[in-house]
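Across the two complexes that follow, chain A remains constant while its partner is chain B and subsequently chain C.
What follows is the complex of A and B.
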């Protein structure tokens, strides 16, 4: 009985969606902006998240605990609380209402999660096993060992950063000054203006993107590992 | 041509782990670093492998200073307590990855050398701990190193497997004319495997010498025998095959370099190797007691 209840609670938000598919779909600036942000923020998150986690795991620097504290600090402060600080800082350098400004705040809000995810994954794999990879040249180390070992955490980082980027409405509106349209900002406008077909299309984009990226990345990793193993046969 | 460690110092937080280590290991030698936990032996190995930085001193290998040389360019491999095989690769793929040309044929030769022929396509988890350690050794050798670092690689193995792998590693290292540095807290293991032994104590080199020399000169190699909680020079101790009320059981007589030694365990839990005694016979049990009229 409890399983049925849990299943219902998980499926419940999507029941309405599956009953009403959009009848038409049109690519617009908001969708293209969203996809560009999702891909670029996810890539930078994987790069900086895994890189910082590696540094935190291996460094002996006396600054390590400070850096660790700083990188995880945003996890403890709600975005709404830090938003105004970011607004003032970006206004000083003229990045309000720009694509760069919006990209920067989206990165700032996602990166701490990515560092934590990558760090936890490396901690579970263990420093001794990761050190074995150091005996291989950098490209072989990444391609043959680190990517396959970290594939699940990379997928999770991409999923998390995608979902967080897609969830930001207030931040994008404030820093983008209403000039940078994304699916999320359009969705709220569609709801407010009672534009059902626009709202439905944007909702489907929001639901589809994380699922597509997660499944797509899984496929890419499977192909990659097959190639790696083929090279060793 | 040798490994030269000069003035190596390493400090972790408030503790000096290595306090000025000077050591020269000639090419082709199997050298054992013996010491209790915390004596700095594994840290020294990690510094040589490039996995740890040093605070002072130099490491020179084949006349080249290793400072700033990344681990993959050192031609040094390391074997640890755990096999540390990559789980997403098969047994053979783990070895192939280490070969300079990524050659399956070469990897199969190495697997045969460590007595695992035909296991190329086996998954890592299908192998026992001892077999995994052998694969790990094959991987270490497949990288064509000139120096191999052995960080207590026999610790987690059962006794039979342990001696089998000790012999295998010793024989292959000699055959390939590699230099090997073995870290262990087991003095018997050091005597069985190494050409020379260095005793490390709280970050210092206490003494370096052949196992036979150390067994005759070093108290930690059995110069003093514990009886009833007190220590006596070994010259004051009688050995017999008959037990008495004040006697101590002597276990595991063994032969090294053609000489007979025996090992017993002190009340502190520490194993002590007794000085040479040609009357020791492997497989027999002996008892120690204070000599009549002794101190």
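What follows is the complex of A and C.
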């Protein structure tokens, strides 16, 4: 009984999505920016996350515990607070108001989570299985062993970085100096202007992008795994 | 392969620390008594209230759900619990705003934009419970059932059973989640800006507004608050990890088979 109550509490906020239907969908600069950022940040996160986790698990180095702390600590620094500092720092090198600057700070907020997720997943898979992959050339190692084994965690990394990127308003507004529109910044403008249908259209985009990426990635992975398994016969 | 990505990661991860260094540099010579005004004091109080309430509620509900789902093996609830994770915080805030800002049956009982920030807390709990669940459910997955059986054989009360057979293993994931959530909730803009009130504002909202309005005249106040808050949380993290280090290490050694 209590489980049904919990299920209801999880689902009920989604009712808000159907209160007013978005009138017309317009394909504009904000949506393109958002999709470009989501895809590039997710790709870099998977690459750097898995690579760093690999180093943390398999390399003997006296710097290891330091690196572990460095990857762990940023989770405990309030994003907005360190963002004020990065704002001053990036202003010195002229990255305020540029696409590169915004991309960089979006990467800063997502990477610690990705390294953590990749590390935990590879720790569970275990050293013996991953060590056998070392005989392959790098590309084959990634394609035939790492990605199929890490399927679920790659999906989780992409999901986490997508959702975090889509949540950032202040970061994009401050570092982008208001020059780089995304769906999130549009949502705040529409909200301030009391434009419910515009705001709701943006909310729809924000909710459906992570779902589409998650399902799409799952599909691509299962096709790839079937192809790889076909090589065994 | 892993070496080049390590270096890139290190450069990226060093940026927040660079940011904090720049904050220290900027606040040298700042007149700290400027922070002693009504708005900041009220903001600190309401921030502590909102942060602690939503964090502790999320931790308790998340742990309880992980425990229930593990004991009863109800996988449908586990997959349903993933749903809020697909919703960005901004979108969640807007959905709750739509539901609680009038026109809906529960209006009046709960309301967006009121001084108790109940809807802000509700939004955070809804978003963070799946996160806590994810952090804790792994621990339940590898829990040695022998401890619980032993506690039952010794006829301990249910609460005592939990304390001896489960709690010691939960300390690490709960401590990690506690600080991640506190750092995130206590200094954020997006959710309280949509669902909060103009007085008292949460620290993140007030700091961002002081920073961006009025030609950056009040910027140093925001830098100073960001710096103190970061150091405050940092002290808390170091202290709590140092205090539990002995216990966590013992558990980790015991868990390794």
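In this section, the second predicted complex is superposed on the first by the 232 of 233 C-alpha atoms of A that agree within 3 Å, B and C clash if a C-alpha of one lies under 4 Å from a C-alpha of the other, contacts with A are read in each partner's own complex, and residues count from 1 in each chain.
As a working rule, contacts are C-beta pairs under 8 Å (C-beta built on N, C-alpha and C of every residue); 3 or more make two chains touch, one makes a residue touch a chain.
Note that the structure is a prediction, hence the values are computed from the model and not measured.
When both complexes are overlaid on chain A, chain B and chain C end up sitting side by side without clashing.
When the two structures are aligned on the shared chain, A:199 is found in touch with chain C, with no touch to chain B.
By the touch criterion defined above, A:137 reaches chain B but does not reach chain C. Look at A:177: by the touch rule set out above, it reaches neither chain B nor chain C. Looking at the superposed arrangement, the partner reaching more residues of chain A, out of chain B and chain C, is C. When the shared chain is aligned, no partner comes close enough to touch A:35: not chain B, not chain C.
Measuring only between alpha carbons, the smallest separation of chain B from chain C in this overlay is 13 Å. Shared interface residues of chain A, touching chain B in one complex and chain C in the other, are 138. Interface residues of chain A, counted against chain B in their complex, comprise 60, 128-129, 131-132, 134-138, 140-141, 144-145, 148-149, 225, 229, 231-233. By the touch criterion given at the top, residues 50-53, 70-72, 77-78, 80, 82, 84, 86, 88-90, 92-93, 96-98, 102, 104, 143 of chain B touch chain A in their complex. Contacts from chain C toward chain A in the complex involve residues 1-6, 8-10, 12-23, 26, 65, 68, 72, 74, 77, 80-81, 83-92, 94-99, 126, 138, 179-180, 183-184, 186-190, 193-194, 204, 207-208, 211-212, 222-223, 226-227, 229-230, 233-234, 237. On chain A, the positions that touch chain C within their shared complex are 2-3, 6-7, 9-17, 19, 47-48, 50-52, 54-55, 58-59, 67, 70-71, 73-89, 104-105, 107-108, 111-112, 115, 120, 138, 159, 163-164, 166-170, 174, 184, 187-188, 191, 196, 199-200, 203, 206-207, 210-211, 214.
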